[in-house]
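As written, the chain order gives the labels A, B, C and D, with residue 1 at the start of each chain.
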Amino acid sequence: MEGQGRIFTEVDPDLLRGCFRSKSKKLTNKVTSVKEAVQIHLHDGDYLAVGGFGGVRIPTALLHEIVRQGRKGLGFAGHPATHDCEILAAGKCFDRCDAAYIIGLEARGIPKMTRKYFESGAVECTEWTNAALSWRLRAAAMGVSFIPARSMLGTDTELHSAAKEIICPFTGKKYLALPALFPDVAIIHVHEADINGNCHIRGILVSDQDLARASKRVIISAERLVPIDFFRDDQEKTTIPYYLVDAVVEVPFGSYPGNMPYEYYSDEEHLQEWLTAEESPETYQAFLDKYLFGIRDFDAYLELCGGTHRMSQLRDLEYLRKPEGEGAD
Amino acid sequence: MEGQGRIFTEVDPDLLRGCFRSKSKKLTNKVTSVKEAVQIHLHDGDYLAVGGFGGVRIPTALLHEIVRQGRKGLGFAGHPATHDCEILAAGKCFDRCDAAYIIGLEARGIPKMTRKYFESGAVECTEWTNAALSWRLRAAAMGVSFIPARSMLGTDTELHSAAKEIICPFTGKKYLALPALFPDVAIIHVHEADINGNCHIRGILVSDQDLARASKRVIISAERLVPIDFFRDDQEKTTIPYYLVDAVVEVPFGSYPGNMPYEYYSDEEHLQEWLTAEESPETYQAFLDKYLFGIRDFDAYLELCGGTHRMSQLRDLEYLRKPEGEGAD
Amino acid sequence: MAYDDPLKARKAKYNGMELLVCVASRYLEDGASVSVGTGVPVAAAMLAQKLYAPNLLVIFEAGGIAPLLPTMPISVGDSRTTHRAIQATSMTEVMDTLSRGLVDYCFLGGAQIDLYGNLNSTQVGTDYRKPKVRFPGSGGANDFGSLAWRTMVVTPQSARRFVPKVDFLTTPGYLDGPGSRERAGLPPGAGPYKVITNLAVLGYHPESKRMMVESIHPGVTLEEVRVNTGFELLVKDPLGTTDPPSEDELRVLREEVDPLKLVIGREAK
Amino acid sequence: MAYDDPLKARKAKYNGMELLVCVASRYLEDGASVSVGTGVPVAAAMLAQKLYAPNLLVIFEAGGIAPLLPTMPISVGDSRTTHRAIQATSMTEVMDTLSRGLVDYCFLGGAQIDLYGNLNSTQVGTDYRKPKVRFPGSGGANDFGSLAWRTMVVTPQSARRFVPKVDFLTTPGYLDGPGSRERAGLPPGAGPYKVITNLAVLGYHPESKRMMVESIHPGVTLEEVRVNTGFELLVKDPLGTTDPPSEDELRVLREEVDPLKLVIGREAK
């Protein structure tokens, strides 16, 4: 069997080597604004990958900005993509997608208008699994064009992937060769970053270390900026080293309404409001006008959603400071 | 070209899956003695891999015990192997070796009797590179039998490796398929461990995370035992999770005369004494009788080498507390 | 996904969700590892830890390893999944661990399941470019179904869901039957194990690999199970009756595992 | 490895090791990355950082990334290599980074080098099973020689070391000449760059890929270079003379980089 799907990104590691070679390894100030970071580093038609886990540690501020700037024709790595997918679908930003997990919001349900966007034929999908996309990023991080794996074999997921069957020269066993995934741009939200782009992530890493290595350009949003000594004093903090990073923006609560581990829990009420709004085109448009298109920037969004009072509640929830079920009022 | 060297370990991931399946995932007390850990978990003929970087964060106490217990016929991963190689060669413990870096002590020189052991024909070697052995361990950690790489191509290193050339099905480019390396036993020295085997390593990791994942059995020596809450309080500390580990021993200064980052610097005088002793068979035998064969255990070795006074000096050196060049008196 | 209203005879004692959780929990033995999603699986794993398997290693695919779960997570990646955990690692490492054979059990679901335990979580309709309904896709399901030793499916049972052939084979069960997993290149010895529904516990015939009723829940008839299955079901001989939730199970489930009824209260919605 | 006594005319001013370090340092530009070993390479990188390339990214293959080196490391993995570093990572990650094309320069050595820059650090003698002398082997040398953009070799020069054909080709230079790296499957555009010896700076002819003298050190004659080379050397036209170490270079090298003369004092031993 050979996957019939399309590979949306460049696979040749030699082209990527040339690209990575041209990145400066200088320690320089890469701090910019959300607006400029998106303007400068993400272009129509680029292939975009988003850090975090759909509704956990996602770079919401950057995602909103991408929609507001009207980026179109993006490729998108649907590697657990939940609320991030919902945001980009609201802007109809992408037209092709590596689909491992898309559309859904896990146990919360499936947003109908987002699903319609996929069902409409506007998005060309190639199927993968969570492991397959993780390993495709790892192959890229290793600077090779493929990596062998044992998922997907024998299924329609394989048939609609772009993987190819190969034989191990040592054991004669069948494997799937997964093509390396080198995104044009990665956007990743982190706990701390310095001005040079060194980053610290707490909690689950998902695939973000390999994602930062695999991507041609990396935009970081951080809960807070810290001095470089934060990393030089304790190298265990360096989840992503500066030389992989192109732009840094400081956005407190930048993952809201997602869950930022050790910072704030997800705003389930707001996510539910969005999900409910997707029940009809009218309520959907009204919701998006209010919360996404009709506002200036991410700060305005946070204000609209309850501002510091709400953020404090979500922090209480994160730290289990109130009996469960009472914190979200 | 196809590598003419021999693969010393099982490559079939399905056999290994069966082996890993049988490991208990219980949190149980795995603390034992150096002596018992080696007796129970390392057998003649096993393939052994050593954590750390030759003279940095090596499990010296375990290495000495292997020699004193007279283990023979081991396979050995020479993945930067310097002083660890020197110790095992002193016991003529291994007869086959995956050679990436062997014999030498980096800038310190080459121990002559260790070299003679290799030149004598007593050790069958297969050639690799540091990256190749790292990637072979990663392939094993991924549960696959091979991984593609671009080192060694076109060289005698390739010719005397056991790698095979393959073609990428996406780009048509040539790669070397490296066979996965699943050691029978890994011995790794760490900064902190709990009784269950959770481990914390500070500083460079070399390949030790993949090594712990790739090995059928894992013996940990730790500078100190800590409660499990050390890890539950801060999951960033968990370099190696407990379910990979079979035995834990607490050995303060367990990497001496190697360098244990953040703990103590290498004892260059002692390493030099050993190196000089290797100049002739007579001085070599006398040295080994004194420091290795003729003593009871690792505590006795530390005493013989200057005990707590010397360890304090090495700690001062590590922390640069004295002007360089004055600390080693 | 709303679970259909299940049994008739046990209204006063326990509801369908409680039954699912209790039955599922009994399959998890001490010292094993289990990858769980949100909902019934995590409740089952928590219940097992409290009753039978204190050393059950709970793994979340996003990276949470062996947490002390304070409450039900909403996402398999949310911060509850690493609450006082042993490790907060990467999805890549979890998938490596799975591939190496260290994951004993996994729980999966799907819009359709066929007689060989193949699962569809990708789409309704067989035209890939024009699905009637698109679902999220594999996520990690195909990975776990391919590489975990024992796949457990917890799902409501209906003829619409239990189909002769899935529209899209997202996650491998026994594929086309005996030997076909091995022919496809999947690791030997792994695959479908149990299907736990609102009506019955089903397993697979050791030779034919076809789905087989092993026990039916109290108050359910075999005919009901058959009517709610879109293919011919094998029946174990003798056919058992599922042990209903014990008082101990229910007490721990209600008081300690899910006091807010996030999972076991779902039916009431 | 002891460096042969080099030049004649500069005894009062600088020694051979100082010359090697100063000349090597000049090839490292700001914003580039360099993988260094112990000895001359690390001294050259430190000197470059202090004089020309404050943002030179220094990488140690064992995992140390961008340290503020307090003194010379003894091992490429010792704790000096992570002193106030940006990162203490794994060898695997460094090798990945190398493979992705992020390492601009590397420094290598060897017991033998041939006219195409191929290096031998494995053995003397051509019988692999019975070497006359066994050396440590590749270590990371083959990896860097294969995958770093520019390989620098710093070595003493003698006819015994500069041979027509290496006994064992550990690390690729240009292999058999033009196009052979590419035919072997190595990434295009990478490979041998400069050879810096006690006598001269050598490069490679852009078409033939053969070693070529680019400049000879002050007080050295071309004849001396030829006598100390076991194969026919190409000579750049016009042949340059290496700029001797400047006062600035020497001062910073002696006072700041290597005050204990761990590297630059080695000749005196």
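Rule of thumb we're sticking to: a contact is a pair of C-beta atoms (placed from the backbone, for glycine too) under 8 Å apart; a residue touches a chain by one contact, two chains touch by 3 or more.
Predicted, not measured: the structure shown is a model, and the values here were computed from it.
Counting only chains that touch, the fewest steps needed to get from chain B to chain C is 1. Compared on C-beta pairs in contact, A-C and A-D come out with A-C as the pair having more.
Of all chains, the one whose CA centroid is most distant from that of chain B is C.
Each chain gets one centre point, the mean of its Cα atoms, and the points for chain A and chain C are 28 Å apart. Taking each chain's centre as the mean of its C-alpha atoms, chain C lies 59 Å from chain D.
Averaged C-alpha coordinates give centres for chain A and chain B that are 38 Å from one another.
Centroid to centroid, with C-alpha atoms defining each point, chain A and chain D lie 41 Å apart. Touching two or more other chains at once are residues 82, 88-89, 98-99, 147, 187 of chain D. In chain A, the positions touching at least two other chains are 13-14, 135, 142-144, 149-150, 173, 175, 202-203, 235-236. Taken as a contact graph, the chains fit none of the simple arrangements: neither line, ring, star nor complete graph.
Per the contact rule defined earlier, chains pair up in contact as A-B, A-C, A-D, B-C, B-D.
The touching residues of chain D, when paired with chain A in their complex, are 30-33, 55-57, 65-66, 68, 82, 84-89, 96-102, 104, 147, 149, 187-189. The touching residues of chain A, when paired with chain D in their complex, are 13-14, 16-21, 23-28, 140-144, 198, 213, 228, 231-233, 235-236, 238, 241-243. Touching chain C in their complex are the following residues of chain A: 52-56, 78, 80, 82, 99-104, 106-108, 110, 115, 118-119, 121, 127-132, 134-135, 137-138, 149-157, 160, 165, 173-176, 202-210, 259, 261-262, 265-266, 268, 318, 320, 324-325.
Within the complex formed with chain B, the chain A residues making contact are 7, 11-14, 135, 142-150, 164, 166, 168-171, 173, 175, 177, 179, 202-203, 235-236.
Considering their complex, residues 37-39, 61-64, 70-71, 74-79, 81-82, 88-92, 95, 98-99, 118, 122, 128-131, 133-143, 146-147, 168-172, 175, 180-181, 183-187, 260 of chain D touch chain B.
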